[in-house]
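I've put the structures underneath this note.
What follows is a pair of complexes built around chain A, which joins chain B in one and chain C in the other.
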Partner chain A sequence: PDPRKKVWMSAVKGLLDEAPAIMGSKDAAAKSAHATKVFGSLAKLSDKQAQEVVDSLEPEQGDILLKYVYRGLETASDQNPAYFKLQAKLVEKFGVGSIVRVLADRKTV
Partner chain B sequence: QPRAKSGTGHEVRRLFASLDVQVRRAFSALAMNTYRPYLNTARSTLNAALCLRNFPSQIVERHNKPEVEVRGSKELLLNPILIARTDQEKCLIEASVNSVRVSFAIKQADEIERILTKKFTSFLMQRSEQFVVMRRKPTDGYNISFLITHHHLETMWKAKLLDFIITFMEDVNKEISAMRIALNSRARIVAEEFLKDFASDK
Partner chain C sequence: AWGATRGRRVPQLLLGWVCAWESMASVQQLVDATIGVGCHAWSPGYEQVAYSPNSNEVRIVDATSWAENFRSEEHDMVISAMDWHPETNFLVTCSHDRNAFVWNFDEKEKVWKPSLVILRIERAALNVKWSPDGQKFAVGSSAKSVPICYYEQDNNWWVSKMIKKHKSSVLGIAWHPNSQIVATGASDFKARVFCAYVAGVDGAQVSAEFAEPVAFGDTYAEFNCAGWTEAVAYSPDGSTLAFAGHDSSIHFVTFAAGSSPVVHTIRFSFLPLVQLLFLSDSKLVGAGHDMNPAIFEKNEKSWAFADFVDKKKETKVAAGGSDVKSRMAMWQNKDKTGTAAGAKADDETAWMKHQGTITCLKPYKSSFSTSSPDGKLVIWE
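== the complex of A and B ==
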C-alpha cells in the first residue's frame, strides 16, 4: 500500500472535521472555498479508498460528507459518476436518515 | 409508360419498423449503463424527501395548500436538492412538510430533440389529471414536474409511487430517443425510395 495515498484519505477526514465551523457561519465565499478543497481531495481517492473512508467515518462526519456530495452533484462535472457511487455507499452505511438530515438541517455546507 | 411507384406503401413501413425495433433495443441497452446511478441517487433522495404529513395552512383558516407551491413560511420548507448528471440533464427535488415537487430536465442534444421533447411533454402535461401526481406546468428551467402531496401518499404506496416516477422518467427518455431514431430512419428511407425513382428512370 502506497503511503502517499493515505494522505488523501486523512486529508478528507481533516476537512470534514473543519467543516462544522464553516457550516455555522453565513459566509458564502468561505463555504465555497472549503467545498472546493473537499472536492479536490475527493477527486484523488480511488473507489477502494473511498469505500475505506466511508467505512471509517463517524455518523456526524458521514452526514457532513453527504452534504458535500450533494453540493458537488449540483454542478455537472466529471466527478459526478464518482459522487453517485459515493452517495450510494454513504446511504448504505448511514441509512435514509442521513439524507433527511441533509434536507432538514439549517446549517448548510 | 410511367413506372409504377414502388415501395411507398407496405414495403417502406415494414423496412423502417424492423430497423426501428433493433436500433431502439440497442440504444436503450447502451443508455441504461450510464443512466442507472443517476436514477438510483434520485430515487433514494426522493425516498427520503417523501416524508409527508397533513399540514393545514397556517395563514388562511380551513385551507390546506401544498406548502412547496405556496412557499410562504420558511420553516415549512426543506433544503432543495439538485442532482445533475450533465449540464442539461438534472433533477430538482424541493420538499416541504406536506408536499414535494420533483422536476426533471431531459437531455436534448439537438434541435429535433428539443422539438420532440417540447411536444411530447406538453402532450403529457395536458393530460396531467390522468397521471394524478403530474404538474400542469414544469418548473422554470425544467421539462417536466411532479407534485406529490400527503393526500397521494395516504392513498398510494410510497414504494410504488417512487417506482412510477423513476420508470416514467426512463420511459420518457426511451420514447424521445426512439422517436428521434424513427424520425431519422423514416426520413432516410423515404429519401432513398424517392431518389431510387430518379436513378432507374435515367
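== the complex of A and C ==
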C-alpha cells in the first residue's frame, strides 16, 4: 500500500470538517468548488481505503459525506459506481436516518 | 413455563383477540388495513376505547368484547385527533373541518352528547390534548395557531383563546403538568413553550422552572430543529421537554430554575418519529415511520436510545448445511428469486405487529398503546 495514498483519506476528512461552514452559506459557487474538491479526493481512494474512511467517521461527518455522495450521483459520471458503493457503506454504518437527513436538511452541500 | 408456551397461540373465547406471547403485546385489528385507524383514546378506566377509522366518524368500542357501544358522525371531515380525560370523562375530538367537539356522557340518559367548539381557525385542526387538570384543551392547527379552549359557565359553551406566533402548521402539542404551560412543535422547524394561563379558569399563575411568568400566548422558550418538529412531550415532573424532528432526531431539553435550558440532541439511524410519550421521568417511547416503538432512557446524566419494543421472533432457520439438498435449494432460490435465502427470508418488516406508520401513541395503564393506518390497535407491555 502506497503511503502517499493515505494523504487522500485525511484530505477527505479535512474537507468534511470544512463543509459545515460552506453548507451554512448561500454561495452556490463556493459550494460547487468545495464539492469538486471532495469528489476529486474521493476519486483517489481505493475501495478498501473508502471502507477505512467510512469506519473512522463520526455520525456528523458521515451525514455530510452522504450528502456529497448524493450530490455526486446527481450527474452522470464515471465515478457513479464508486458513489453507489460508498452510499451502501455509509448507510450500513449510519442507517436510513442519515438518508432522511440528506433529504430533510435545509443546509445543502 | 415461558419456554413451553412460546410460539403457541392460545385460543381465546373472546372475539378477535390474538395474544402474541413472544413480544408481550396484544394486537386488535379494529378496521381493515384499507381503511386504517386515524387516532384513538382510552376511557378513564381503560374499559372502552374511542377511535376514528380515518373518517368523520367517532366510534367507541368495549375494550374486552370489542362490541361497538357508540358511533357518530358529528364532524364533516376526517377526525385528526382525539383525547379522553381520565378524570372529567370528557372526550374531545378535532377535525379537518376546523372544529372540535367535546363529548360528554350523560349518565341519566346513557348517551354521548356532543358540544361544538368553534375554534376560530381557518384551516384544519391537527392535534388536540386536554390539560392535565382537564379544564382546558389545546388544539394544534394548520392555521399556524393554537386555540386554547376552556368552558365558560355563564354562556354554557366552550370558547377559544388563540396562541399565534407560529410560522407554519402546528403538528405537536404537549401540556406541562401545571396545566398553565403548553409546548408546541411546528413545521417551521421550531419547538416552543408558551404560557397558556387563563385568568378565571386557572388559579394563581405559576411559571414552573422559568424565572418570570409571562402573558397568555407569549413564549417562555424556543428551540430549533433541523426538520419539522413532529411531536413534543413533557416528562411527568415537567423538568424535561422532548421534541422529535423529521430529520430523524430527538431533542431532550432539561429545565432548571435559575439556569438556561440545556438541549441534548440525538440523531439516530432509523426513520423519523412522529409521536412521543414519557413513560416516566427517565423513560420515553417514540413511534413513527419504522412501525416499531423506540425506547429512550436517561442514564445518570444523558438520554440515549435503548431498544425497539417489537422484536423479531427467533425462527429456526434451516442451517446452511453443505449437503446436496440444501445446496440445490440455494441454487433454486437464486434462480427463482435472486437471493440465496429465498423470497420470504429477508422480509424486513413482515414480522412486525404494525404494518404501517404508527400515527397515534397513548398511555395505557403503566404502559402504552399504538394505532396505525394498518387498522390495528396494539397494546404493548
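By definition in this document, the second predicted complex is superposed on the first by the 108 of 109 C-alpha atoms of A that agree within 3 Å, B and C clash if a C-alpha of one lies under 4 Å from a C-alpha of the other, contacts with A are read in each partner's own complex, and residues count from 1 in each chain.
Assume a residue touches a chain if its C-beta (ideal position, glycine included) is under 8 Å from a C-beta of that chain, and two chains touch if they have at least 3 such contacts.
None of the values given here were measured: they were computed from a predicted structure.
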Touched partner set for A:104, first chain B, second chain C, both or neither: both
Chain B versus chain C as contact partner of A:73, first or second or both or neither: first
First, second, both or neither for A:81, with chain B first and chain C second: first
Touch count on chain A, higher of chain B and chain C: B
Touching partner for A:94 - first (chain B), second (chain C), both, neither: second
Which of chain B and chain C A:63 touches, first, second, both or neither: second
Chain B/chain C common contact set on chain A: 96, 100, 104-105
Sites on chain B touched by chain A in the complex: 37-38, 40-41, 44-45, 47-49, 51, 78-79, 81-87, 90, 95
List of chain A residues in touch with chain B within their complex: 70, 73-76, 80-81, 84-85, 87-88, 91, 96, 99-100, 102-105, 108
Chain A-facing residues of chain C, complex: 189, 226-228, 245-249, 267-272
Residues of chain A defined as touching chain C within the complex: 59-60, 63, 94-98, 100-101, 104-106
